[in-house]
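In what follows, structures are represented as structure tokens.
In the two complexes below, chain A is the common chain; its partner is chain B in one and chain C in the other.
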Partner chain A sequence: MTKSNFTRRGVLKAGAAAGAALATPTIFTGAVWAGAHTGFTNAPQGDTVTLGFNVPQSGPYADEGADQLRAYQLAVEHLNGEGDGGMINTFTSKTLDGTGIMGKKVQFVTGDTQTKSDAARASARSMIEKDGAIMITGGSSSGVAVAVQALCQEAGVIFMAGLTHSNDTTGKDRKANGFRHFFNSYMSGAALAPVLAKAYGTDRKAYHLTADYNWGYTTEQAVRESTEAMGWETVNSVLTPLTQTDFSSYIAPVLNSGADVLVLNHYGGNMVNSLTNAVQFGLRAAEANGKNFEIVVPLYSELMARGAGANIKGILGSQNWDWKLENQAGAKYYGTNAFVQSFGTKFGFPPSQAAHTVYVQTLLYADAVNRAGSFNPCAVAEALAGFEFDGMGNGPTLYRADDHQCFKDVVVVRGKENPENEFDLVEIVEVTPVEQVTYAPDHPQMGGAEASLGACNPGA
Partner chain B sequence: MEAIILQILNGLDKGSAYALIALGLTLIFGTLGVVNFAHGALFMIGAFCAVTLQRLLGLSHQIVDETRKDFLGNPLKIDVPYMHEWFGPEIGQSIIEWSVPLAILFSIPIMAFIGIAMERGLVKHFYKRPHADQILVTFGLAIVLQEIIKYFYGANPIPTPAPPAFTGSFDFGALVGFDANTIIYPYWRLIYFSFSMIVIAGVFAFLQFTTFGMVVRAGMADRETVGLLGINIDKRFTIMFAIAACVAGLAGVMYAPINSPNYHMGMDFLVLSFVVVVVGGMGSLPGAVLAGFLLGIVESFASMTQILDIFPGINQIIIYLIAIIILLTRPRGLMGRKGVMEE
Partner chain C sequence: MTEQATNTPIAKPKAPPSIVASTGFLGLNRKDATLLALVVVLTMLAPFILNPFPEGSGMAQFNAGYPDLMQRFVIFGIFAIGFNILFGLTGYLSFGHAAFLGVGSYAAIWMMKLVTLNIIPAIILSIIFAGLFALLVGFICLRRSGIYFSILTLAFAQMSYALAYSVLTPITGGETGLQIKATDRPILSGLEPGEIGRANFFGIDMRTSYELSLGDWLFTFNAGYYIAAVVMLLSFYLSIRIFRSPFGMMLRAVKSNQQRMSYTGLNSKPYTLAAFVISGMYAGLAGGLMVAMDTQVGPERMFWTASGEVVLMAILGGVGTLIGPVLGAGMIKYMENIISKINETILHQWFAFLPDGLEDFVVSMIYPFIGKGWHLTLGIVFMLVVIFLPGGLVEGGQKIAGLFRRKAKTDDTPSKTPAE
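Then we have the complex of A and B:
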């Protein structure tokens, strides 16, 4: 078994290296690292560099995984100078010139996380150990993202989180080697609550169905806290297994519970099924407490909307990004159209937010390496921390140094009543400004004061 | 009280699926003595018959509308289903929307063919082999079928809606004298339950009242003697295998609107269906049906919030818990006969 390479000796070495790195005044480190292709895990040899794309190709989030893989391919093409360059042309940092990363041609390997933490760790480990991946990116489940992020921290590679929305990823489980561009549960709650209050009033009783893992927990908590703060009451909350496909026995009691809003803290296939069941059981048409019964889906995506069909109409939720953003919300979100153009031309349909976030993450990583002048994860982490950029479709964005979370505007959307075509499924209700969704790095929902990034680990 | 009635209703549709799958399993086990782990895959293929017919009926060709633009600003391509052209938009659209009920007819020959091919092509060679071999080969077959479906249809659930006339729900509570809006039940689930009752009754009537059924029952009791009487029992058992495949397939077709079919749905039901068969009693057809409904309803009850508050997570294990209790107290299951799987 060669699999335990970086558990004992590796960690010791890494710890020593990290200690040394911390002890070095930062003014020198940039110069020390520059050009050095040794002293860290999987230092690229020759004229290529390998990235590892770890996404669910089966399981309840497989749709999102497939779309992420498309975006990764597109990002690699653009980095290597093929295609129209997409958002490289609009990105405010100008180090990317189509010659790969630091002049090395970008290659990639893929893994199937199966939406399971153990499978995801196994495929990430194999990509690091066998394929020599210098950076791992992916997710589509926060359970998976947190597990793989911890593995990358141990192994001494950078983890660029894909679609992961749990607070934990950059909250209590944040890691120095991990970075997230996607927004999180807290931001969804903060952006949604005022819109919900406006649409449904402040006197509402909510019933939560929650996916039984870290993303479900933090999303429920965030939505609960922000809706209760404006006067809503939470009647009940029930955990549902991620593998559940028939939610009828969870949905059936809702109407009798005294609640008049159902919050589905579900994503992907889970959400498609639970929403379908809820509509089958007549919740959309029902009245409770003298009001129309409403359903809320805190984390939305166009892919889910496609799976849920007509059931999604009129339902409010939040998104990290939407392909119509630049056209409908203004030039502030430039980059969006460039990305939609190159993705749409290649694949024939507009990209999902899952595709967008991983494309951006790949470009951000490549740019950080170029700016740092090294593939050393600690140099890259330093280049990313506190980095401010624009032109990636979300407006001005900050990669906060305290928790490696991106801060940008949040999109509140609603299932469109009369779609003009098969891709026109959600309408943008509001774009919530970043100030309204920003929180302190030691916010209680983010693990409080104990949460810390720890030291960066370059591996060996 | 309303909550209890609601959960009973809710258990009925799931129980119907369990009962139909377990019925087919028991038919195959009772006639051929084979433990068929590919039976869940047959259920899944049934559901994909509905998906396939929906796609066939929805086949369309593109016309380009120069006056409208797509998301990239190019002229919009519009899909026009052939059904709309052949039968006019209204009738054509209703045919497409009725694809799930139509798939019942579509699926029977397909499932019968798959059943016969499976029995003649593979299962036949394992009659004399130990049960463990049978389980392994049919389980392998199930995985192969699953991967084939995954290859052609992808890993994601495919929405397969019921006809619009049945997509809503009705107020069961108001019908039987409770307050309005307390017991809401979707039409399609009621249809699913009724449909499964018809299929179950049909299978029992077929076995009970036809000469063919009589011979099969005789063969189940004593295969050798029936063979000595000059009856080709093997051929009849092959037909029973096909019938069992059809029952599983029909269960799948009608289940498609309840939960969007995906390639893995068969496995989800298979394990539970085996528990159903064991609880009902190996080889007992009424036992399989009874246990199917019983476990469906129990599972539904265990998901009630009031019960989950007392026993968190009980809904995940309740079926297995009951299986353990029944096997400890009645080792042959609820209606099991002596001598089955006990040589």
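Then we have the complex of A and C:
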């Protein structure tokens, strides 16, 4: 990032040119760095544009954050015409030509969300107020995503969510300035249910262990409703504290509860620990109601699979994307290999789904600006809403206008029995087509009829 | 008042005997008035002082004069001042002060969601709620002292955090926290349908800013900052008065020897409890202001690390001094927000003038201390301060001032801190 090209300096120059000799006081209401003449916050001046990458660099999701930063770096390189272009070559919209965004070179600032909403908002505000960022993106948890999305709505910049899986982000907390490419709890439930029915039958009794916070609640609700709809019965559901590291006391009652499936609505370290405990208690080898006892983990990630080691073998779950998708599920998911290739060349290992989603988000934003012909958040939001595209590794995808959620196929995966290396821990079982995971914008799980995007806010 | 009589046998730590006499400007002696004036000047001119580098220069990275960070400086300053009234005066180390900050924040946001978007009622409510909660926690925890007291407060804070995070989700919004939404219709606000409410001070939006550009420099004067700064000055003034009052003297007596105090027949508990509640109310005030400046609350505001942070602030700046905690708060927030944003790319630009191999070497040497490594830098600074300046930054300032003074006059009575 070249310091001499800071947006605020551009604002200054413009102010000076406007005729004031030294002191050019102007009162701005709403957003701080807005150029009054442009009509929106942080209008890029000069020949550069600044994006804000706000990811967890410390705390429980630091690994995801680090992978996201790599993907952002790659995306910026590709946008500026360096490297091999990655998914720009496969993306169906062809406005990106390696000259940055609307001819302006892309620069970025980074910040640490610490996976805390306060810290994330502080970091995002400093990007907007100090560095003149026109768009904020990133994050690895739903609490942070919802908090930063609300901030961007107030400040009048676009928010492109990173890894956030809770329904709320595009459900009851949806915002006109916020967009999510990642899938959500409802989609996980809807995608898993038919696969579960096929693998384990429709006559099953499920026991839920749920992390005691918003994401856990929405995930449990989604899985529960989808599986009950196909005939499963929910025996019990127990909330576990997020800080729990030993789940033995929660696992012990499961075997005598009459259940024959355990659903672990846990993520990250929670899931690694609860799964390990469950396997240690012999749940995988047990039989109940004359059937093999099974374990299900609704949201999977490569990093979690690595943490759980051998315990993950044979366990079903869902993912937004996987780096082997194009090779295993066919050419429909083109773009995957192009991205894996350029990521692998630069960093030496395949990207995670967290990296994929933020890379795609950055490209989608850049493309939307180009198509809109303006950096104005309202114009960009209009260009993104209802946008249909392909070639980003997920097959044909729709950015739905009603809730700014991407609709695409969902990958159902299983822990691999004989992994060849540490990046090959999951195998793709099935790809659930988008029709099965689509829901009405006013679905009760998504905040019902009350949830609305509100009006787009350009700041200034 | 029996204090005068009982004070005499108690070893008064470094307290000049004349301080009780409140004369002069606003009831402050000259030294305190000077200190207050200094703080007034510093906070009012903060937009200039914190933005010393011209826009676009390589050093602009270190500018801290943007609204968010300036607001944080004064808000955490208030938090630390309040903490210091408890820890600095009575010596009771509370490890759960973030809980009061959080309670204040939740109270304030509910006030804004339900009743009015004006920040004053919200802040008042946050002080009241934090005070009541502090009364409850203090009543229980103050039955013990020393490490047991610390652990009890820590337990309460973690309990509050867990409650806010999950059990009380309907009230606290759980992990996601609370924000003002388009569906919130405060009774006294008169919002257009669909309009998202904004915190204001009798119509002045907290985000309103006035920009002044002088040559290459850009200075931002933010309404929210100045409101928070005035509140901070009031809190600071109040804290000086508490430090200099007979009540403050009793608190110091608790710190120096509580046992001796009780042997003289004095019940120290009302004093410590009062100090605890006052300190909790300061935290609530800070929490309310945080919501006023940025209308959002999350439970991690009450996490034990947040409680630990204010302890660091007080120790880093100088425990028991008036200005120290404010300096400590500024220092920590500066590092958290400025150092953490320096990334590898920026480092490479700084050292671009070096030959390639050397550049990479220098960058790899500095890299662990910036960006996500800001905790490491903070840790090192903290260790250096504790080892070489046990009195915190204030002691550092005094040592420097002492150097100059010695030059001017050969013998000057080694005047103790302006604070104590």
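By definition in this document, the second predicted complex is superposed on the first by the 423 of 460 C-alpha atoms of A that agree within 3 Å, B and C clash if a C-alpha of one lies under 4 Å from a C-alpha of the other, contacts with A are read in each partner's own complex, and residues count from 1 in each chain.
The rule is simple: a residue touches a chain if its C-beta (ideal position, glycine included) is under 8 Å from a C-beta of that chain, and two chains touch if they have at least 3 such contacts.
It should be emphasised that the depicted structure is a prediction, and the values quoted were computed from it without experimental measurement.
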| item | value |
| --- | --- |
| Which of chain B and chain C A:P241 touches, first, second, both or neither | both |
| Partner chain(s) touched by A:F91 [first = chain B, second = chain C, both, neither] | neither |
| Contact breadth on chain A, by residue count: chain C or chain B | C |
| Partner chain in contact with A:Q57 - chain B first, chain C second, else both or neither | both |
| Touching partner for A:S142 - first (chain B), second (chain C), both, neither | second |
| First (chain B), second (chain C), both or neither touched by A:W232 | neither |
| Which superposed partner A:E287 touches (first chain B, second chain C, both, neither) | first |
| Which superposed partner A:G111 touches (first chain B, second chain C, both, neither) | second |
| Overlap of chain C and chain B interfaces on chain A (superposed complexes) | 57-58, 62, 241 |
| Interfacial residue positions of chain B with respect to chain A in the complex | 2-3, 6-7, 10-11, 13-14, 70-72, 76, 150, 154-157, 159, 161, 167-169, 181-182, 184-186, 188-189, 258-260, 262, 264-265, 268, 299-300, 303-305, 308, 315-316 |
| Sites on chain C touched by chain A in the complex | 55-58, 60-61, 63, 66-69, 72, 162, 165-167, 169, 174-177, 179, 181-183, 194, 196, 198, 205, 207-216, 218, 220, 222, 294-296, 298, 300-301, 303, 336-337, 340-341, 343, 345-346, 349, 371-372, 374-375 |
| Residues on chain A engaged by chain C in the complex (per definition of touch) | 1-6, 8-9, 11-12, 15-16, 22-32, 57-58, 62, 109-112, 116-119, 121-123, 125-126, 129-130, 141-143, 146-147, 150-151, 153-154, 166, 168, 173, 212-215, 217, 239, 241-243, 450, 452, 454-455 |
| In the complex with chain B, residue positions of chain A that touch it | 57-59, 62-63, 66, 236, 238, 241, 245-246, 248-250, 252-253, 255-257, 269, 272-273, 276, 280-282, 285-288, 307-309, 323, 340-341, 344-345, 349-350, 421, 423-424 |
